[in-house]
Amino acid sequence: MKVRKFLEVKEGDTLATLRGFLQRLLEKEIVEALLVPLEAPSGDTVMPALVKEPARLEKANPLAPVMPVNAARLVSSLTIGKPKEKIGALLRSCEIRALIELVKLQQAHLENLMIIGLDCLGTYEVTDYAKLISSEDGSPTMGLVRGAKEGSLSPHEGYQFRSACRICEYPVPQNTALTIGLLGVDGKRILVEAQEELAERLELTEGEAASREEVIKKLVEARIEERDRLFAQFRERVVDIRGLLAQFSTCTGCYNCTVACPICYCKECLFRTSTFEHESDRYLRWAQRKGAIQMPTDTLLFQLTRLNHMVTSCVGCGMCESACPSDIPLTTIFRAVGQEVQAMFDYLPGRSLEDELPLATFKEDELTELGETQ
Amino acid sequence: MNEDFEPKIVAFLCNWCAYVGADLAGTSRIQYPPNVRIIRMMCSGAVDPVYVIKPLLDGADGVLIGGCHPGDCHYQEGNYKARRRVAILKNILRQMGFDEERIWLRWISASEGQVFAETVTAMVKALKEKGPNPLKELWGT
Amino acid sequence: MQASLDIADAGFLVYLVEREPSIGGHMAQLDKTFPTLDCSSCILTPKMVDVARHPNIQLISYAEVVGADGGIGHFKVGVKQKPRYVDVDRCTGCGLCVEACRLKGRISSEFDVGVSKRGAVYIPFPQAVPLKATIDPERCVFITRGVCGKVPACEEACSAEAIDFQQKEEMIGLEVGAIIVATGFDLFDARLKPEFGYGLYPNVITGLQFERLSSASGPTRGKITLNGQEPKKVVFIQCVGSRDKSVGVEYCSRVCCMFTAKQAHLVKEKIPDAEVTVLYIDVRAFGKGFEEFYDRVRGEGVMYRRGNASEICKRGERLIVMAEDTLLGESVQLEADLVVLATGITPRGDAQDLATLLRLSTSPDGFFQEAHPKLRPVETEREGVYLAGCCQGPKDIPDGVAQAKAAASSVIIALRNGMEVS
Amino acid sequence: MGLRIGVYVCHCGVNIAATVDVEAVTRFALGLPSVAIARDYTYMCSDPGQALIKEDIKKFGLTKVVVASCSPMMHEPTFRGTIQEAGLNPYCLEMANIREQCSWVHEEEEEATRKAIQLVAAAVDKAFLLEPLEERRVAVTSAALVIGGGIAGMQAALDIANAGFQVYLVEKEPRLGGHLAQLDKTFPTLEPVAPLLAEEIREVEGHPNIDLLTSAEVIGLEGYIGNFKVNVTDQATIRELKVGTILVATGYDLFDARLKPEYGYGIYEKVITGLEFERLVSLSGSRKFWVNGKEPQDVLFIQCVGSRDKSVGQEYCSRICCMYTAKQALLVKEMLPQARVTVLYMDVRAYGKGFEEFYDQVRGEGVLYRRGNPSEIYKNGKRLIVRVEDTLLGEPVQLEADLVVLATGITPRRDSPKIANLLKLPRSPDGFFMEAHPKLRPVDTVTEGIYLAGCCQGPKDIPDTVTQAKAAAASAMIPLCQGQVKVEAVTSIIDEELCSGCGICAEMCVYDALSLHERKGVMTINEVLCKGCGACAAACPSKAIKLSHFTPAQILAQVDALV
Amino acid sequence: MEGQNLAQAYRLFECIQCGRCTGGCPMSLKTRFNIRRLIYEALVDEDMDLQSKEVLWDCSTCATCTLRCPKGLDPTDMVIGMRSILVDGGRIPPTIRDALKSLAIRGNPLTMAREERADWAEGLGVKEISEGAEVLYFVGCSPSYDPRVQKVAKAMVQAFKKAEVEFGILGNEEVCCGSEARRMGETGLFEMLREMNLETLERYPVELVVTTSPHCYNAFQNEYQGLNLKVQHYTQFVAGLINEGRLPLSKEVRRIVTYQDPCFLGKQNKIFEEPRKILRSIPGLELRELDRSRERSLCCEGGGGRMWAEGTNPEERLAHTRVQEAMDLGAEVLATACPFCLLTLEDAAKTVAGEGGIQVMDIMELVVEAL
């Protein structure tokens, strides 16, 4: 049974307390290595690192509201070869959900992996975070941590969270072995949820966070409101084919989205393989036939195909959009389209390992009207 | 309806039922409009969504996928796979503002030459009502 | 066909002699098969093509066996090749001659059981194997009367110059190690039960005619209509020419219960508001999936009434089927727009001649007699001659196929042993 | 040498030429890149037509051939043969169907010609990308395994052995014979079973080609058609057998009459099953028939006990009970002419050869058939009372009986899930093993090289079982006769460089042809098992798996040419 | 034990209860008479109470059940057997009893005097067979006594004479053929009458017996074991005469005629063509076929003793239906070739069509019109 315990915040320093807690995980050999964001030497961002030496956790900063990479990709690399040592991975909700999808796609394994989840208070684009941290206002982190108690998570003035975070309904991680909670918890303590036996080894204290559920609910409701507003805007934009073109026609075929996406697991994207390599005279023939052809070719085909491949598994982390040089609103597109397609099969990506991937299964008695003469 | 407009249809037909049905329409000399171009597949379950999107982006006005009736698949379940894929694809395209009714999935058995001809005829009619694929003009295809 | 394929696959040369212009038999005429409702031609056509293409099978169609001397390992079989009046090497099966024939649409089609018409030169059905035209010597006016315009229309139409009125009957001598008899069956002639008015009322049809009517490749393109009208009340009558000593058919035909159930289902499927009634004595849904199918068909609203019809007459435009519902213990008069007679399976008309020819015996029911009813169901009294399919007794498709394969097994054994000796 | 394509456009007499401007199509083809030669001819499929292609292949050094004519369903094999004879790989052929799907369905020449031109262009573009494929063959171990030593297994074993092949016959029980050994006489001929069976067993036991393993069980299976490895144990030792084909003849169980408590089976000793009746008659030596030392006056047979009965999960008909009941009723009547023998039935299913005649005979001897299936049995004093509605009278009646015989149905063997799992055999909803196709492949399974015989596939009487056993034997010995099995040339192929090993393709494959290579982390394909449907390829996002001859590049090239 | 005995005697165990007998039974259309159920009750009910089964007298012994039975059983015979039991037990309708009594005493069921049997022929110059003739005309009871049917007998005589057939009648020596007696369950009486007729017939060296009634024809043909004479129904004989050109039909009879197949002639003896042949030979006559004809003809209810028993539903008569069907065809004449049909149908015609409506005639009457 999971129990809810607390970690007393020492000297009002939440980050230090958290670092200490993580060190304890290593020292007590609860895990043998930890994947956790460390502050970059430049100090203006954080990057995930696999840490074996507890002392190196002095630089750990899981609270920094920035996510240069969805770490599910890294967990995939770490576990696809089935590690012999137990690895702990400190992840945000969207990273965990992506990981669940990757496990179903056999791109990651959960054996010898301990998923440590952390309440996500929202993230800035990498560039915004860098600006914020070097600005005079100081750390963009602590204001958020302070607001966590009431759930009032407003971005720094003049800045915005990433669009994915603004509409994220999952600030609290699921499918974890250990959850570190900040929402609805007063600043003196950090909430820790774990299996009873694990919790006992962690030297935690008893306590209560009575308003936590209430705070989370309010937060999610606000996010959903924002989400639906964005979706509605999107749907208005794509009522017809012009909308489709408006969304995608600026694609430059850089494939950054596929690189940033935690779920795009193909070794090489189909569109970068020989199938879509053409001889020069072929391009010329097309141009001849049609008068003009868009170059690079097949960007629209690429986007629609990627949508088709990914949309059922998209967890909405928004990394694609962050990576897109053409500012295509990929988060909204994938989340909005995904919502309906996923509903067709009652599928929520990242919800559970039990749910079958919609593209990997089918039923004899479903969709029976399709194919019959109308 | 634009009577002069002749829609272009690409059809993916399974080797065992629909393609044979199309052949039967021929042997039975059942006439239908010449707007359809048939590509033979081994199974409707082998029709990749890319194959459907590609012609539409290239300016085809409709895509027809023909498979065996439920339960009749030569490969047991290929047509069910096709059905789910087409359902997902149609849903996505519709949400992206593309007219999903340009994609038809139909079960046509080897003995249904007439059904094949009727399907093509009906599809041509429906596409004439819709007019040309707007991508043709807008996307320069 | 199945037996040929198996033996040929095992590496032996097979001569397949078929009396009709095309192989395929009765199954080619069916629409769907029970209980799985597979489309009959979808599963049969590939098999026919396999036969035609098999390097070890030599197909001799439109020919008849006229004698078989010798014994196992060294039969000498005489085959009479009937003239098609079409050079099969040149004929491409394009059908231009068929279109051109002056008698087109004038001769009742055997394949469509009279539901449609063909000409004197014809290809029995679009998937025929071999896909070659044949001229009906009894109907072609050029053959019977010696004139057909200046040049026979077919000859004029044929660009492959395949029409050949000079063709004569030919005798072919074959030497074979074993013989399989798979000559099939005839359907009971419903005219022998005059009380049903078959032949008198156009809307009293047989089960096989129904198949052509409901087949997508049939004359109505799968629409169940009579003179363009959809029947709203359909009555199926079972055991027409089965289990009936009064017409000398004592045995059960084994397939009618299920083909009727299937046809009743098809009516319900194609005309959902039709009232469908099946009159039966015992429903013999004995095979795999049969009872389940029978359950399903009843579930779809097909009314099964126990009591076999006694008579059909007319009231106005409608047919009246007179029967006793034996469960009610009352006579009933059912109105019908269409009555389908489930005619049973009978030995082929020439079974007795063939039996004499091949020195086989027949059982009292007129089918070929197997060596032992339990343990040697495909062997005959004559060593080296085996039975497959309905020539031994009524059978459904899987049982027919199984028996063909069983006969093939016996032949393979015989041939392999012969090989070792020589 | 570069790509050199030859294009051949057939007139098919006037069949194509009347509607399609064949010369225009040919001229067009000649202008396509890589097309070395394009010709039209009256009948491409005729010998001179084929000769033309063969000459050109040599003369122009063609690497690919496109034939525009009738449907590939008609002549693809023909032209494949043609180019093969001229030294090309048969898969370097592409056909454009300009007859069935063009000239025969369109009347307007301009449109039909335009369509034909496009079809030819698409065929040329696909031909451009065609790759030679190999029709491979794998060698077959010249032996067969038969699982089950009942009548089906024995008959199959004998057939295969008689054809000269080694057969391993594995039987779970210490002796051969199965259920048949328990029967007294057969219907409808009333022949005693024992001598028939004894002869069959003697033949099996004495056969030089049959290796008989009794009290033995199959515990492991790997491999595929032609090359199965089977582990068989007789409890003490494990033997590995190498066989080319496997025949499953594991038989059936009888329905447990206790599952219909309303009949009081197991409570009343005078309520017995049909099989118990057989033993009773066998033991009493067909002379006297006693129940508790007395001749019964009223014997009642109840049909469909555990058949056609959804309430006990047995939806299907057991096929044999009607006739064995008729036979048993007749036996009673013969032994005790004065006894009243009644059969309670729903439908009498006397469908087989001589069955209806036998049923007529049985009734003629005075066996009373009453329509109605009983609801319950209870006791009144020493006699049994059977409550039933006589549906022909439309009245409930209570019948007295001294002996009630329950015609228990046939059910799948209790261990069939285990066998199914071991041999990877699907089962139909009724629980019996499923055949590959209910109509045309009644003894094959979806797994090539594994065949079904007898009641493990569904209820059957003796002749049907023997027939099916022989049929399965035919299927099982064909690969042995051939000595090798052909592998489908058009199969899926995996690009290991691209494969991420996600396994979606394996989820799509109904033939179990795909598996994850543990070490490499990529999928591998068993080409012997692959049937070339392409479902896997359609599911693979990176196209790391493709269907050969129908690759994405080839199909997209066709699309490109057609749009 | 009645049921068991019947089951044994009539092989009832072989019945599969398919219902074809009842389904085709004309009486089952209007009464509770259900022959399939009677068979079943005999099988399953050991104490079957026949005595209360009034419906047994509904059967007209048309034999459709027997003809339709797929298992070769003879339900008609079973009904007769059941009636025998009733007769033995004395449970019979009074009208039947009178008819049987008359048969026993007077040799006819019509309670007419034996010595008046040949009165109808008075003045027609008909020879008695004792005077010697090749053809014996067996007149039968109704044609001898019933004024309506006598016309048929007279027509016969006229035709015979025209064709110069050398014929004679038995006169008062003739007794009933017994067919109806047997069908009313009096097997003993039937056998007695048969013996009498056989004895009479043996005395005369005739070559051919021609009957007016299909019932007599049937009895001679199928139930007179030991009769070595050729027997013909008049339709056969007359058709033969026409064929041979011995009976020229020269006068036009401009009438639309339809024909009722009598059960004992058609269904039971498969004589379908000859009556039609005769009708078609009459110049000017248009023959229209009833839907239910030949093997599917509808019984008039006159056979099996039904001339003397009303049955359980006397209001509804099949003859009415039949007349109506004939009228719907537009027929002016409903022709038949059986005295019972003639009487029942004519009765019905009066009720349905009234006087001056459709006419019911025997074929012979039409023949005579054409002479």
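Letters A, B, C, D and E name the chains as they come in the text, with residue numbers starting at 1 for each one.
Criterion: contacts are C-beta pairs under 8 Å (C-beta built on N, C-alpha and C of every residue); 3 or more make two chains touch, one makes a residue touch a chain.
Not measured: the values here are computed from a predicted model.
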Report summary line: Moving step by step through touching chains, the smallest count that connects chain A to chain C is 2
Report task. Could you tell me which chains make contact with chain C and chain D both? Result -> B, E
**Report entry** Most distant chain from chain E, judged by the mean position of its C-alpha atoms
**Finding:** A
Requested in this report: Go through D-E and B-D and name the pair with more C-beta contacts between its chains.
Outcome: B-D
**Report entry** Distance from chain D to chain B - Cα centre to Cα centre, in angstrom
**Finding:** 33
Query raised in the report: In whole angstrom, how far does the Cα centroid of chain A sit from the Cα centroid of chain D?
Result: 49
Query raised in the report: Distance from the CA centroid of chain B to that of chain C, rounded to the nearest Å?
Result: 36
Query raised in the report: What whole-number Å value describes the gap between the mean CA coordinates of chain C and chain E?
Result: 45
Query raised in the report: In chain D, which residues are in touch with two or more of the other chains?
Result: 73, 348, 360, 392-393, 508, 539, 552, 556
Report summary line: Note: chain E residues in touch with at least two other chains are 16-17, 37, 71
Query raised in the report: If you look at chain C, which of its residues touch at least two other chains?
Result: 36, 38, 243, 282, 326, 329
Report task. Would you mind giving me the full set of chain pairs in touch? Result -> A-B, A-D, B-C, B-D, C-D, C-E, D-E
Report summary line: chain B partner, complex, touching residues on chain A are 235, 238-245, 247, 249, 270, 290-294, 300-301, 304-305, 307-308, 311-312, 333, 336-337, 340-341, 344, 358-359, 362-364, 366-368, 370-373
Query raised in the report: Which residues of chain D touch chain A in the complex?
Result: 33, 497-504, 507-508, 516, 521, 539, 541-544, 551-553, 556
Query - Interfacial residue positions of chain B with respect to chain C in the complex - result: 16-17, 20, 24, 27-28, 68-69, 71-72, 109-115
**Report entry** Residues on chain E engaged by chain C in the complex (per definition of touch)
**Finding:** 16-25, 28-29, 34, 36-37, 64, 67-72, 291-292, 294-296
**Report entry** Residue ranges of chain D touching chain B (in the complex, touch as defined)
**Finding:** 71-73, 97, 99-102, 104-108, 111-112, 114-115, 118-119, 122, 446, 490, 508, 510, 531-535, 537-539, 547, 550, 552, 555-556, 558-560, 562-563
